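A, B, C and D label the chains in the order they appear, each numbered from 1.
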Amino acid sequence: MGIKSDTKNQKTILRTEGLRKYFGEVHAVDNLDLRVNHGEILSIIGPNGSGKTTLLNLISNMVEPDEGKVFFYGKDVTKWAPSKLARMGLVRSFQIVNLFDGMSVLDNMKASVISKLGKTNKPFIKVDKDKEVMERSQQLLELFKLSDKADSTARDIPHGDRKVLDVALCFALDPKLILLDEPTSGVGTSEKTQVIQRIEEAVRKGDVTAVIVEHDMDVVFSYSDKVVAMHRGKILAEGKPKDVKKNEEVIKVIMGEL
Amino acid sequence: MVKRTQKLPFLFCFSDELMDSATFVIIFLNGLYYAFALFLITIGLNILYGILRVLNIAHGGFYAMGAFITWFLMNAAEQAGAPIYLVWLCIPVGALLVALVSITLEPILFKRLYKLPEEYSLLATFALMLMLDDVLRMVFGGDPLSANQLFNYMGTISILGKTYPAYNFVIYACALILALGLWAFLYRTNMGRILRGAAQDSSMASALGVNTSILYTQVFFLAFFIAGLGGAVYLPATSAYSGMGFEAIVLSFVVMIIGGLGSLRGALVASLIIGLVRGFGIYYVPRLELAFVFIILIVTLIFRPRGLFGRKFTREEK
Amino acid sequence: MKPYQIVALIGLVIACLLPFIISKYYTFILAVTFCFAIYALGYNILFGRTGLLSFGHALYLGLGAYTVAFLMRPSLGAYRIFSMELILLIVIAVSLLVGLMLGAICVRYTRIFFGLINLGFVSLWYSLLYKLRDYTGGSDGLPVYMPTLFGIEFGYETFRTFVFYYYVLGIFLLAAFIMWRIYESPFGLALKAIRENGVRAEFIGIPIGRYRLAAYVISAIYGAIGGALWAPLSGQVSPDISSWLSSGDVVFMNILGGMHTFAGPIVGAFVFYNLKVQVMHFTTYWSIILGGIVIFFVIIFPGGIMGWVSRAIPKIRKRFYAQKD
Amino acid sequence: MSEEQKISRRSFLQTAAAGVVGLGVGAGIGYGVSRMAAPPPELVTETTKPVKDVPKDPIKLGIISWFTGPAAMVGEAVHNAAEMTSDVINTGGGILGREIEVLKRDAGPTDVTVEAYRRYVLEDEVDLVVGDIGGSNANAITSHVENLKVPWFLQCSTTQAMVEEINPNPTFLFRSGEQNLAEPNIAAQVIAKEFPDAKKIGGINPDYVYGHEAMEYTMEALNKLAPNMESVIETWPQLYATDFSSQITAVLDAKPDVVITACWGGDFVTFAKQATAYGLFEQTKVISILGSMALNSLTKDIVPPGVWMLQRDYYFELPPHNLYPLNKWFVEEYQRRYNKIPEFDVMQVFSAVFAYKQAIEKIYDLKESYPENEEICKMIQGSQVVSPAGHRTITKDGQFLNPLPYGKTIHDPKYPIATLDPETIGVVIPEYVYNPKSLPPVLEYPLGTGMKYSDWIATW
């Protein structure tokens, strides 16, 4: 069910139209139109409660929007099941780490890989004997420098590695578009750069588009191609990192908060 | 055939003969009688699940224990020729004894269940039910036991020409008082507010200085008391026999699901629905008696699994 | 050959020799135990593997048993079916259908609601068995006549205490092998992921609804096969087989055996059923003892026997290798 | 200590003993330590031949019955009966010198009962099995009994399916109690005889096979005996129900002349209490088919006078104590031991074990060697057994037969429970039990006009 090749080089990979989501009177996301271009790293910044995570939830259909549509490669995917979205290449990681805690790191990876290879419904081949799955899993563990922790259970590895594994699970699906919800939150400053480097390296190498919700301003301004500043569910400012940095409203609302 | 004395406006009937108003009232009262039996058991179940997330299948066992202990008290009182008000006292005392006896179980068994996932409490309390049933049989033997002094003392009254046991009104009064008392306790007293808070988020409650372990023991005491009271109040109208706990628990589960897990309002409304539907169902389609209850259950489960007043499902539960 | 394969082989050899060693009664008991082992094995792909506790799975045990009795009813006249193989095929088809129908409703919910929905279904099934007297024989149930195995008729006692033991053993081994392959397969890993974290499984592309349904249907078929094999041994099927009390037994078997392991349900079925048989023979107050044992395992020893074994093996291996170096 | 006082203290003694003081001490209070009165001569039968080369190990009598759940009282009654019977036989020298040892275990659902029987036979080498296990279990064990060849004496759980289809002429399966078909026929005869002008019949029967069969067979027999009667309302409370009010109300509304109920045990106790409260007994006539199973729980405030109650195949006052001392001894002995009046299951177990004993002794008289199971069973079939209910004849297919008593209840000051009014007692002789063509000549108590009890006793 791969996507037809001609849409691959199309400019916009993701578009939202009039997205709206209320929680009581709070307009978490208020009539928001967003456009994400192919191959770019887009960061979404904004004070707490500005609707960043809700936006991510709406795009990945974790939460259903009250109004508006989401288009992925031009197709309306608003109503699609998250599992179908993931197989089509729109994948997300979670702010609070969401792993298969009881399983080993390798098994976590294998689960994601077999889902990508569409082999999950094969009841009789042996997972461990399937070279393709095992190779891909080992390869990913190396890419994300988790090979030494392959056999320990996901619950026991340090928080930084859990964050990286969470992201690695997304990459195992070799996604077209990846939504990262504060990938570096809770990670020690020393490891933070390491985590971001791994992500950036994976994005550049796999020519993947990334939308990252991030608080850490120097991470945002050093890595992202484009920045979107949100405030009370609306887009305050949009554009190159340095332009948005200068925008007074952004400074007043977001920088002031720093 | 039945003479058509008075056409009741909202009468619905499948069979052709209309029932006269007296029978309608009697069936309605029978429905209430059965509904309040279910209500008295399900309240305890809902409190335990609502506040402690413990699904206590053994609740039927405590209901049975209430019946047996009260039988023992009433029989002793009757043998000793005690005055009638002492016999009345056996009901609350029986319920109290059940609570006192059962509270010892809380630290041993139930305390360990809070940490385990909900389904485990289903299993552990199921095993506890098996044990309770045997203990009661060991102590009270296998014969059905009945204590009829109160039932006969109340005698019968005639409603529109039909005789009706007056004792049932004691049951209605008791159930209503209990429902109002519980409602007032939960929504009007300080401790009630704490309980409801603990139900939402027990860790938050303990963070705010609520000694949750004592609180849980109190909740259990209340739940056991109500279950024991159920058994005690109904004993004079029926009989205590080994295995009665199992019968009681199946139907109260149905009521709990339909009313919504953990909601007291749900327990009241659902037990009324089941009681009345069963009452009228038996009159019109006697052959299908038990199936009515389960049909309502399956319909609820398909269209509104969280029940009438249950809390919304979190994503995780979907 | 890996150690667990050796153990399995030894177990197989012993199982084949047992009828010659132990008395006829215990062969009969073992045959019944294998039926329950198939039932417990199937149940565990739902409970232990996918994390869905069904509290009404005796519905499928009853479905299998009643299908056998139903196909043998004298009123079918010429269409009466005695060949066990044909019966088993029909049982699989029926349980597949019913499993799909009920599963589609059940798998939309998890945790306590899944348990209670199944409790609702088994209660309705039980009251139907009770009510439809002309078809199901009501509370007295239906007799089960002697089936033919591969077309061959057997004497009453030889069937029950010898031949049918090997028949059940054979089907058990086939069922265990298939289940083992499922556990080892990507599908098995996907189910494990669903148990560990349903939300994340959905977000890495596993359609959890469909997979839970698949696990439900597999466990339904296994349950029905267990019931179908048990019916000729007992000679009569009655609604008690599907009572919600007997639904609890299979859950105890899995917990006792160790639900997060493959062999757990098999060990659990052996330990629980034989324990129940011995305790019931020992005293009429058997439910106190059984209830106590279950509470012990659920509260103090949730890993179960095989859970403990699988934790103990690495320790033993470490100590064993430590001595060697 | 008058009869009544001894019984009325039953409940207090039993619970006080068990609940507070513990079984041992409680039994000591208030029981005269009277020894068992010597059993009457007819019971102490022996072989005439010298006893040699007879196995010395005890005869094992296995009980499989309900000891858990609402029917637990059945198990207790069967166990009491087996214990008393084996005591009596053992003190009388056992069977050919072999003592009887009683084993007991719970029946439970079908697979448990089948496993229990196979274990008794294959593991414990039991010589005979006794017990009441319900319709589905009875159907299940018939094939096992015929193949494992150890006799089982059923009490009450004989379904028509078993008698007619599954096991029409058993060799090892005996029915020491009446078939389920018996009472409905008698109920029909009582209705036809006592209420000839009744038109409308109502039914409140437990919703399982026995309940449905009881109602169907009664109506079938009534169609022959009194075609003008028809059933206007049939309600089906759940087995082991706690609430009958809805059914009683529905029946009252249909205003039947006679109500038939097959509720038994705890069901009947609850039903009777609620029926009195709702005035069912005043507004219509009630016939109870199996209510007498819970005889000792039917206190006077539960069962009013005037309720027709069938007693299956034994009522403790019949045969009359003055005409038949064995029955008098039996009732008093059971009361002395268990402080209860013996129900019919007790008599059935008693006669089953004695039939087994008498058969072995007869064969030994002929062959002077200890008989095999097959021979014992062949001997029992067609023989007669001395039992508290009189000399019971045993048919070729293992059915124990004796006249079936019925009567209207009365509140006799002598007993704490509702008993039968001697004037109304009637006993239907076996030939009329199974084909109710016409009203049978009734074997009456001394005051009646038909055949006398003394005439029947004279034929033994």
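Definition applied: a residue touches a chain if its C-beta (ideal position, glycine included) is under 8 Å from a C-beta of that chain, and two chains touch if they have at least 3 such contacts.
Because the structure is predicted, anything quoted here is derived from the model rather than measured.
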item	value
Longest centre-to-centre distance from chain B, chain (CA-based)	A
Top chain pair, ranked by how many C-beta pairs fall in contact	B-D
Intercentroid distance (Cα basis), chain D paired with chain C, Å	40
Geometric centre distance via CA averages, chain C-chain A, whole Å	42
Distance from chain D to chain A - Cα centre to Cα centre, in angstrom	77
Rounded Å distance, chain B centre to chain C centre (Cα mean)	34
Residues within chain C bordering two or more other chains	130-131, 199, 286-287
For chain B, residues contacting two or more additional chains	133-134, 137-138, 246, 287, 290, 315
For chain D, residues contacting two or more additional chains	67-68, 75, 207
Touching pairs among all chains present in the structure	A-C, B-C, B-D, C-D
Contact footprint of chain A on chain C as seen in their complex	181-182, 184-190, 192-193, 195-197, 199-208, 211
Of chain C, residues touching chain D in the complex	23-25, 28-29, 32, 74, 130-131, 133, 137-141, 143, 156-157, 230, 233-241, 243, 246, 277, 280-281, 284, 286-287
Chain C partner contacts - residues on chain D that touch it in the complex	67-68, 75, 104-106, 108-112, 114-116, 118-119, 121-123, 134-137, 139-141, 143-144, 147-148, 159, 161, 165-166, 207-210, 212, 239
Sites on chain D touched by chain B in the complex	9, 11-12, 14-16, 18-19, 67-70, 72-73, 75-76, 207, 233-238, 240-243, 245-247, 249-250, 252-254, 265-266, 269-270, 273-274, 277-279, 282, 294, 296-297, 299, 301-302
For the chain B and chain D complex, residues of the former touching the latter	2, 19-20, 23, 26-27, 30-31, 33-34, 37, 72, 75-76, 79, 133-134, 137-146, 148, 151-152, 156, 162-165, 167-168, 234, 237-239, 241-244, 246-248, 278-279, 282-283, 286-287, 289-290
